[in-house]
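The structure is given below, and queries will be raised subsequently.
First chain written, first letter: the chains are A, B, C, D and E, and each begins at residue 1.
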Amino acid sequence: MNAGLLLLLLAGLGALGFLAGRARALSLVRGDARGLHSLPGYYGQTVALFAVVPAFLLLLGWLLLQPVLVERSITAMILPADIASGSSRELVMADVRRIAEGMERLVATGALNEGELAALVPQPDLLKDRLSAAGVALAAPIQPHIAEAATAWRAEMALGQGLMALSVLAVAVTGFLWSLWRVAPGFRARNVVERFIRWMLIAASSIAILTTIGIIFSLVFESWHFFQLYPARDFFLSLTWSPKFGGGSDLGIWPLLWGTLYVSFIALLVAVPVGLMAAIYLSEYATPALRAVAKPAIEVLAGIPSIVYGLFALMTVGPFLRDWFARPMGLGDSSSSVMTAGVVMGIMLIPYVSSLSDDIINAVPQSLRDGSYGLGATQSETIRQVVFPAALPGIVGAILMAASRAIGETMIVVLGAGAAARLDLNPFEAMTTVTVKIVSQLTGDTEFASPETLVAFALGLTLFVFTLGLNILALGIVRKYREQYE
Amino acid sequence: MNDMRLTERAVTQTAKITARGVQVHYGTNHALKDVDVDILDKTVTAFIGPSGCGKSTFLRCLNRMNDTVASARVTGKIEMDGQDIYDPRVDPVQLRAKVGMVFQKPNPFPKSIYDNVAYGPKIHGLARGKAELDQIVETSLKKAALWNEVKDRLSAPGTGLSGGQQQRLCIARAVATSPEVLLMDEPCSALDPIATAQVEELIDELRAQFSVVIVTHSMQQAARVSQRTAFFHLGHLVEYGETGHIFTNPTDPRTEAYITGRIG
Amino acid sequence: MTDLSAAAPSSSPHHRGGASLIAPDARTQARNAAERRFRRFGLSAVLLGLVALVVLLASVLGNGVSAFRQTYVILPVTLEASVLDKAGNRNPDEMKKVTTLGYGKLMQEALIAALAERGIDTGDLKPKEIMALLSKEAPADLRDAVLADPSLIGQSIAFPAFATSRVDGYFKGRVTMDSAARDANISPAQLQLADAMRAAGLIETRLNPGFLTRPDASELRPEAAGLGVAILGSAYMMLVVLVLSLPIGVAASIYLEELAPKNRWTDLIEINIANLAAVPSIVFGILALALFINIAGLPQSAPIVGGLVLTLMTLPTIIIATRASLKAVPPSIRDAALGVGASRMQTIFHHVLPLAMPGILTGTILGLARALGESAPLLLIGMVAFVRDFPAAPPAGFFDPASALPVQVYSWTQRADPAFAERASGAIIVLLVFLLSMNALAILLRRRFERRW
Amino acid sequence: RDNIQIAGSSTVLPYATIVAELFGENFDHPTPVVEGGGSGAGRKKLCEGLGEGTIDIANSSSRIKQSDLDLCAANGVSGVMEVRFGYDGIVFAALRDQPDFAFTPADWYLALGAQIPRDGALVKNDLRDWAEVNPAFPPQEILAFIPGTKHGTREVFDHNVLLAGCKASGAFDLLADAMTGDEAARAKGAEEACLDIRGDGVAVDIDGDYTETLARVQANPVGIGVFGLSFYQSNTDRLRVYPMNGVLPSVETIASGAYPVSRPLFFYVKIAHLGVIPGLREYLAFFLSDEVAGPDGPLADYGLVPDPELHRTQAMVAAEQPMEPLSQ
Amino acid sequence: MNDMRLTERAVTQTAKITARGVQVHYGTNHALKDVDVDILDKTVTAFIGPSGCGKSTFLRCLNRMNDTVASARVTGKIEMDGQDIYDPRVDPVQLRAKVGMVFQKPNPFPKSIYDNVAYGPKIHGLARGKAELDQIVETSLKKAALWNEVKDRLSAPGTGLSGGQQQRLCIARAVATSPEVLLMDEPCSALDPIATAQVEELIDELRAQFSVVIVTHSMQQAARVSQRTAFFHLGHLVEYGETGHIFTNPTDPRTEAYITGRIG
């Protein structure tokens, strides 16, 4: 019995459990739900949960563990002689696995029956041909011993599969019966269900932690490689970024970090005031009709692919800023500049600030506004001094979202700000950001194992740590400011 | 206490606010029906009547707070100092600066106690400096009988006060802007007798210069503080006149029934 | 107890100047001016957003609407059995032996014959140059049509074949006689011929449904490139994203905002989530490559992997938005529910969540907008690829190679032939329509939940 | 898995898609899935191991490196076949209405190099106008859009233009004189110094692709961009190309070697997958057939410079011959 | 009205809730100091005292509503039917289902009037069907003296009611779940005398089966409805005993001062 079928069975058992639990609870009090501790539905849910969840977890664990255990027992079968020079035990195991899976496929597609397959095992060459025909890639001819190992692998897997079905069903039925037996008028079914929901919620929030761990792990390994090829000192302390194709590059992170901060800062300088004012206008002043149209319309700005913004920056905003600001002010004549990218990115970020802020401002109770109007405050005074502070925690969230998006953006920076890494205060100079360089270093033509490529991982990791620091700082500031209101 | 002091007072007879044929609809709900009232200057007017009869609604018409309720529709004419306050040229903000309000449900701002009170004076520019502002805050809190309880925690949030304290904070907030007319919607509902007496004293004091309109459910309070009383019932203004007259000699049977506790 | 005794009599009652309500005093005038200014700022902010939208949309629409129309050569062609089905048994397997080259020859002859029949002067254009008016995709299309319906063999049909992108551009105004004179890929003589063919009814420009249904095509055939695979791929991915990120995101926010004790651990999670929002999307690609492809063994270029990585990327947005709007729900509502004996879960699910709904939906809209338009993380999991075969129906299709709309935009903007620029803009239009239809429900729901109390 | 999976260089990508499309059209096999992602990433993917989860072919615009081969060996990918299928020409072009230039590598070095020789000494490059570089040139601001340092094209530009120009202009000798150490070390140092590009915004690195270069040239009409020959051929109505050493780039001049700036294009095939992944063998044969990769094939139509030794490659592929260890 | 009916009632003497040494801190603010009280079963207990003295705070301790205030810290022991309600094993939800509460500030759900009242019965499974639920809603609204005013607009939002109506809606909502103990924080503060009388009647009726704790600022009300009265002052429980005794013969001078209107 395979996992999909088991899942279906479990789902059915769950539905059945719900009905049975509910019915039993009601019958215990002769249909009068008032005699129960919890609503009848909760009794149904407990039975369903106990029937499904432990069994499901067992299934999951089994599916994860079985290959590992089988692998271990089979690995023990492989003799040192089976391992060709330049190869390794793991590689041979990969072969075993591939062969076994190929055998499985041969049987599944009906190309061979078990008997024919067993007959093929002593004839590795024939076996290889059959497997190749089935689309299984094999690097080398099959050693007879490997074929046997593969057969054993299959057998153990099949055994495991059977045991799994049995035990999962046993657990499910036990859970079902036990929880059904537990149903009694005084049984705190709601608490059980809620505790379960609580655990689900905790699990959901720990996905964030897991993602973080995952990101760190996926970056650390290659970053470590990078620091073996390139001195960490230079990476963190050098003020030049000038990678060369053939090696001998300067890979200092500061120009990139500076560019990131500068571009994001300008973008927020555009997006935050405009977004907030738009949010305020939409939630406080606009007619419902305007609001109903304008809000989703502005949200479309967030959905326009950034390449469109990039081209807009490159073809329109860049030359405009160069001809009307940079040149007259003697600030250089680069058409791609921090300013260009920042302004255009700011436009893209408007809905991130405006839409959520609008919702939050809308959620401020009317009684607060009334209190202020009643004192003779104008609407703008009310908004600035009463509504805005009350909505501040949520607005901070909105700005945070915009800032995050600014740091992660690539296309607008590439086309708007250029690719030159530079430490400069002049906003009309071309600069670039960490994110842009991560993408370009990772997708270039140089060899992967060179510092020029691996630096992408170190950049990612550094940016990660850097933004972590910024976030801690931001949280601290917000906390401090918020305390006086809560 | 001094329950029946009204006889000793002279009632000025100039009308501060005149309302004629005021009707209010909330959607299809006809909440206020054809109300005519003159609110006299330098007088305390009490609105009484069973819960839901339209007292708050009428109060909110007087400083156009009903503008903020989308479903509310106000018709009729309300004049203040001879000027139609629903004239489109009238700036409701200026109106509300002159006609202050204490709401039925205390609604302190999520700010510090100090900022709650200082808010009005700040936006109206009533204080020339920090010291003067401090002075206004202190005076207002004292008038609202809250100073002693909060003087050590002026920077604590106003929302962390007890119900009665919040109510007094809202009174202090309204008083701080020195309005010409003060509308008070059940200002003493959450107050103990002593605090109530203090607020009543405040009202009496304010009367020397301003009009005060107070909504109350306590006949005793109405009798104590007001010179004129209006009785509302089911959206109608049933009777309006000298407080002494209303309480001792009502003309409408409904008024009498309400005062003696027979209709609600 | 006698606070009042300390109270100084209040200062002049008329310090706010004139008694008139209509003629405001200086300070009120200033405040009203500030009010008007503020309001104007607000309006200009909204207008700025709308103008930016209009400008961007106008440029996209201006460049892209023409991608939905295409120029066809209506080619009268006789499908000779002697050429196409030598065995004569209409067996598709044997008919497949005739390659597109064979069909190409057939079409070339048919084209020249058609021109001759209508008396169109071809000047000194060589047959190959005349044939160059037709897309390289045309023979393949004809071959597909014949293989799909062998009964066509022997018949004479008017086959609508794609005209080459330059001819198409000529009729859309992108290519002119001047530019053709300099163009290595088309000559003015060829365009004159096209004009004549159009006059004779052999060429027409009409709606091209293939833009939405065909797969991508190579650099040599911009006229045949379509969004079919990309639309399917994006739809599959968005399905995964929606099904996973909304419930997980809301669940996480509920825990963090409503249930979790406020301690270091939850601070850590909070900071983590904010930080994840700032992680560049390509880093999520690195993670997905390591986690889903190398460790979990999911296939490359598959929408399921794309959906998972976009889910991880969208989660922080949804969580931040949801938490912000949960925070904005007044505590008195929670008190009221707890006071009648509702459990925390009931309080949250019955009262708090509905009130926070607008913000949650906004977060979803913004998150999905980003997920739909993102191509960088897809780069590392093999979805930025040239895929011509359609993925199967779900669930198996989740594991088949597919492309995505932003990927198609991205790769079309990189192609050399200018005809692809038009198609990239067309693809952006499709993407926006996709986005809006995806968000329509959320926007409607949000309007229902929006209410002040 | 029944489709061929290909990844790698974005320069090779268009050629690979053209072939994949034709292949899918005319064979029973599904159309191969072709990814970009860069040569480096493609070769890394190729060397990640054997089996269905890994790609079959890596496209590359430069030769595979020893580190890649080491990775391959470590992951059990023992047999890799190197296929050179043509050349990519690299051209200098500007908008159609710009003036004429006839460049030599020395001109480019003088325009972009960080240090240039003047009166027998090295000075910091401060030239702003092409007329200052070469009196024969029209007066025009110098602005060049050159490939970013991650592009394979940059390697060719560095080597065939800058370094050549550096030597031709005499800067190389001056640089070598300024170095210390023995002959070889000084030459190496000078070579590196020759590749230093001035950092004052005159030379702009383009990390994107040629469409970006084109867009930049359109936004800054005085700019001169570096493009691939195939890109130029698709945009002859908008771009004018400049000769190098008096030779205009074309498929013929590059194939003959008269035009100096070009590079070979490769792909690398996992031999273990041949005959395992359905259609892989057929695909290879089809790709390298004369009708496809030959001078009259669709690839040449698109701008690929056909490999004059195509038949040798065909034979090698037919023999499924793994590549020799790299000589260096 | 029947101001002094307490003498005619027998007071049951079993304690429903016993509080010992209860202290509450809000951050650094020591709001409740060492309070010992026995709330008797089937009895109406009145809490009186000046505004801000800790009445609401103590009330909120009795059903653990203070759990929701982050800054609040409760110590001491409170037992209900002999069980410590702050025992970690106690489910506060179940506690609150048994100990209902009417808050000082009316806080209707932003839902329809019907849903406001039906919510409690729904989550506690008190109704077997729609008809029974309708019945509960109607009875509760009638008990809270709101039925006549809202019977035609049960589906209108509860937040669109007048202040006093909202207060009665909250009473109806609390009554609908039939709690064993009902905590009412100034339930009549926004009500007119007739509605007040009806709510007092309701309280009297509830006393037959349950305990009722009521916070009030009206001595008359305390005297009318309660059998036992607790007087709080500055966070201390100053005096607790038979209502008649407290009002006629207080032992503590502060109690006397408060009742006679001298401290506040």
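Everything below uses one rule, namely that a residue touches a chain if its C-beta (ideal position, glycine included) is under 8 Å from a C-beta of that chain, and two chains touch if they have at least 3 such contacts.
Chain labels with UniProt names: A = Phosphate transport system permease protein; B, E = Phosphate ABC transporter ATP-binding protein; C = Phosphate transport system permease protein PstA.
All figures in this text were calculated on a predicted structure; none of them were measured in a lab.
Chemist: Listed by label, which chains are in contact with chain A and with chain E?
Modeler: B, C
Chemist: Closest chain to the overall C-alpha centroid, by per-chain C-alpha centroid: which is it?
Modeler: Central chain: A.
Chemist: What are the two chains with the most C-beta pairs touching?
Modeler: A-C
Chemist: So the centre of each chain is just the mean of its C-alpha atoms; given that, what is the distance between chain A and chain B in Å?
Modeler: Chain centroid spacing, chain A to chain B, equals 56 Å.
Chemist: As a quick test, compute the distance in whole Å between the mean CA positions of chain A and chain C.
Modeler: Centre-to-centre distance between chain A and chain C: 21 Å.
Chemist: Determine the centre-to-centre distance between chain C and chain D, using the mean Cα coordinates as centres, and give it in whole Å.
Modeler: 32
Chemist: Could you list the positions in chain D whose residues touch two or more of the other chains?
Modeler: 1, 10, 36-37, 52, 208 - these are the residues of chain D that touch more than one other chain.
Chemist: What positions in chain C touch 2 or more of the other chains?
Modeler: 1, 31-32, 35, 343-344, 355, 379-380, 413, 453
Chemist: Quick check: what residues of chain E touch more than one other chain, meaning two or more?
Modeler: As it turns out, chain E has residues touching two or more other chains at 70, 93-94, 105, 123-124, 263-264.
Chemist: Chain pairs in touch?
Modeler: So the chains that touch one another pair up as A-B, A-C, A-D, A-E, B-C, B-E, C-D, C-E.
Chemist: Going by the contact rule set out above, which residues of chain A touch chain B in the complex?
Modeler: 365-379, 381, 385-386, 389-390, 484-486
Chemist: Under the definition above, what is the set of chain C residues touching chain B in their complex?
Modeler: 1, 3-4, 6-8, 10-11, 13-16, 19-22, 24, 27-28, 31-32, 35
Chemist: Which residues of chain A touch chain C in their complex?
Modeler: These residues of chain A touch chain C: 190-191, 194, 197-198, 200-202, 204-209, 211-212, 214-215, 217-219, 273-278, 280-282, 284-286, 290, 292, 294, 296-309, 311-312, 347, 350-352, 354-356, 358-360, 362-366, 378-381, 383-384, 391, 393-398, 400-401, 403-405, 407-408, 410, 434-435, 438-439, 442-443, 457, 460, 463-464, 467-468, 470-472, 474-475.
Chemist: If you look only at chain D, which of its residues touch chain A in the complex?
Modeler: Chain D residues touching chain A: 1-2, 9-11, 36-41, 43-44, 49-52, 60-62, 65, 67-68, 70-71, 73, 75-79, 148-152, 154-155, 158, 192, 195, 199, 201, 204-208, 212, 215-216, 218-220, 272-273, 275-278.
Chemist: Residue numbers of chain C touching chain E in their complex, please.
Modeler: Residue list for chain C touching chain E: 1, 262, 331-344, 346, 350-351, 355, 451, 453.
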